[in-house]
Amino acid sequence: MISKVKKAQILSLLNSGRRVDGRTLDQYRNIKVETNLIGRADGSARVSIGDTLVLAGIKYEIGPPFPDTPDLGVLTVNAEFLPLASPTFESGPPDENAIELARVIDRSLRKAEAVDLSKLCLVPGKSVWIAWIDIYVLNHDGNLIDASALATSAALLSSRIPQADVEEERVKVNYEDKVPPPLSKMPVTVTIAKIGDTLVVDPVLDEEEAADAKLSLSVVEGKLCAAQKSGEGVFEVEELQKAASMALSKGEELYSYLKTLAGGT
Amino acid sequence: MCDTLPVYFKDWDVVVPGELLAEGNYRPGSNVYKEDGKLYSNAVGILKFNRGVVNVVPLSGPYIPKVGDLVIGEVIDITASSYVVDIRAPHVAFLNASEASVKPLNLHEEDLRKLYDVGDMLVAKVISFERAFNPSLTCKEKGLGKITKGSIIAIPAVKVPRLIGRRRSMISLIKSETGCEVVVGQNGYIWVVGENPEDEDLVAEAVRRIVEEAHVAGLTARVMQMLKNKKRKKS
Amino acid sequence: MGVCLEEYQLGEGKVRLNMAGEQRRLISDDGVRHDGRRPDELRPIKMSVGVLKNANGSAYVEQGNTKILAAVYGPRSVHPRHLAYPDKARVRCRYHMAPFSVETRKSPAPSRREVELSKVLREALSHAILLEQFPSTAIDIFVEVLEADGSTRCAGINAASLALADAGIPMKDLVAACAVGKVDGYLVVDLTDLEDKNGEVDMPFAMMYGKRKVTLLQLDGKLSYEEFLKAVDMAVVACERIYMMQKEALKQRYLTLRKSIEGGGST
């Protein structure tokens, strides 16, 4: 909840094209991406956007495929909003916001076809690689989705999957020699908040709380691949168009943080 | 007056939320809101114009208490100093011991339960109400208090005005044709006391008719006809 | 193992179209869909209002084989008290699928998908309600999917709007919803389950049509910017048709009775 005074202040600044922290309407906060921080994880990345801090970890495990896709590997995304990240987060199972975030990122990866699941199959119907992606929110200062999405993509790009040999349906895993996983284009997600009548990119926490609604748009190779409107507010049709266009152009910028990683496909 | 300003519906039309009713200098009445000079309905209801005011009489909706409303409710709990009464409003109502009866209750000597117990139906008046809080009731007037005989009919609160009728025409008609005492709670509970159960049933039938046909003009005449027919059949 | 994996096993994978494992085309060369519809055609839609006795408002909607029952209770008091908002009503929404509503029986326990959709539906409907009129109360919306054949969240929103209006809860406008998808390269409206699972794109969309305000937008699949604009246009047109049907459905129960009374004479 945001105080009326703060909200009024944010709105009046926006009316003169300024934001609380001096950014322009379409500017991201300072972004930092670091990878390979957690030795025991197969892939990891820590992303900060301003003071928002998210850690993503990847573990590859062998397990059964889904019954209706016996020859595809499994990708699963889970997010935890840790209680230490914000006075408003409570301990317990993921709430609707954490579940929504995980599912939005999952959809963006799936539709971008970022991970070639067919190459993760070992013994059809019995054994496949499962990519467990866990998103850990460490500090909430707004725009958890973009930070989490970037951390996920960075973790995947820098991850290494063990090699497996399949002999007569028996799988032998070589944990020593790990190789890059079968990845193709990574999506990036751009979140735009609507505050009053203004659209701003990368809302900081105060802006998020003052916003009526947000639109998170995932882009890959110049196309939209996922979108999620959240919040109880509304958008005009023209604002949807504007947001899509903003996301496509900012996406390029975000993508530059991933390009240097693991050959950056 | 406002005759030349655009109006998109006429009296007695059924309108729905978001429907554009009129434009211009009309004033928004019940269940109507004005935006950019246009008047819209916010409920499913019947359009009624009244001297430049656009009203929508809703066909369903919650009971919103008003100070002075006569209501009928059920005691659902008793605290140390008050009764908790369900008056079918979004919030339960409180009847403080000090307002519970014309004769003052001595809390030190008497148990609240002696006067009204959980499950009792009461006729009361709303003495205070702020939207965010619970309404307060009083039974401190003559005619208010516990209901001990007769029967109770429940109808949607929004249909109560129709049941009462313009200048009480409908309710007077029912009372005179059936010979029953009828107390109408603004919250949609109706207390009927008749000489015999058949008379009370007749009231129930008239009420049912009114609730079902509230949106069709000429209701008073139809109810009168129905009551006279039933009486003829009886004799 | 978490709740996560359970999720996907339950009907979110790809559907085999025939035993040979070959993919049948979902749309013919002249744009006829697997169920005979044109790309911009809605399925047969049925709407009834006031179908449950106890709920303050209710509605039943069918869109093709998708069957949704929605009910509204409220405004009513919130328990525990600290959950109430002092200045407006709190909207709570539960989207739930019956175990027998899908091909492979679904456990009745709320899945992650149902948690997300409950939030999405709440956010699609809240703005339409005049919440400030009922501070410190709750408005509870229940959407039950009885049979799922695509676009359940959209049909759910259509039903919930009707249920809210039936309950007499003051609303700025009705909310109409429709999903647009892409199937074999064609943009289509009102997806069936087959089209959703085997198509390239699913874009659920809802708006307060009279006010032209979008309350729900999700996208699952690739669309170019131009395709996105076209898809939104198609969604708006589809929503208009649904909105008109919702208005009809709300008025119908009163108008039929009125006609019979005014036409047939009194009893």
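Some points to look at:
For reference, chains read A, B and C in written order, and residue numbers begin at 1 within each chain.
What we mean here is this: a contact is a pair of C-beta atoms (placed from the backbone, for glycine too) under 8 Å apart; a residue touches a chain by one contact, two chains touch by 3 or more.
Everything numeric here is computed off the predicted structure, so don't read it as measured data.
Chain C has the Cα centre that lies closest to the mean of all protein Cα atoms in view. Averaging Cα atoms per chain gives one point for each, and the point farthest from that of chain A is the centre of B. The centroid of the Cα atoms in chain B and the matching centroid in chain C are 34 Å apart.
One finds 54 Å separating the Cα centroids of chain A and chain B. One simple way to say how far apart two chains are is to compare their mean CA positions; for chain A and chain C this gives 27 Å. For chain C, residues that reach two or more other chains under the stated contact definition are 208, 211.
Annotation for chain B: no residues touch two or more other chains.
Those residues of chain A that touch chain C in the complex are listed here as 66-69, 74, 76-78, 94, 96-97, 99-100, 102-103, 107, 111-112, 130, 213, 215, 217, 220, 222-237, 240-241, 244-245, 248.
For chain B in complex with chain C, the residues that touch the partner chain are 14, 16-20, 31, 33, 40, 42-44, 58-62, 90-92, 131-133, 156, 158, 212-213, 215-216, 221-222, 225-226. Chain C contributes residues 56-57, 74-77, 86-87, 128, 130, 133-137, 165-174, 208-211, 246-247, 250-251, 254-255, 257-258, 261-262, 266-267 to its touches with chain B in the complex.
Considering their complex, residues 2, 4-5, 8-9, 13-16, 91, 112-113, 115-116, 118-120, 122-123, 126-127, 203, 207-208, 211-225, 228-229, 232, 236 of chain C touch chain A.
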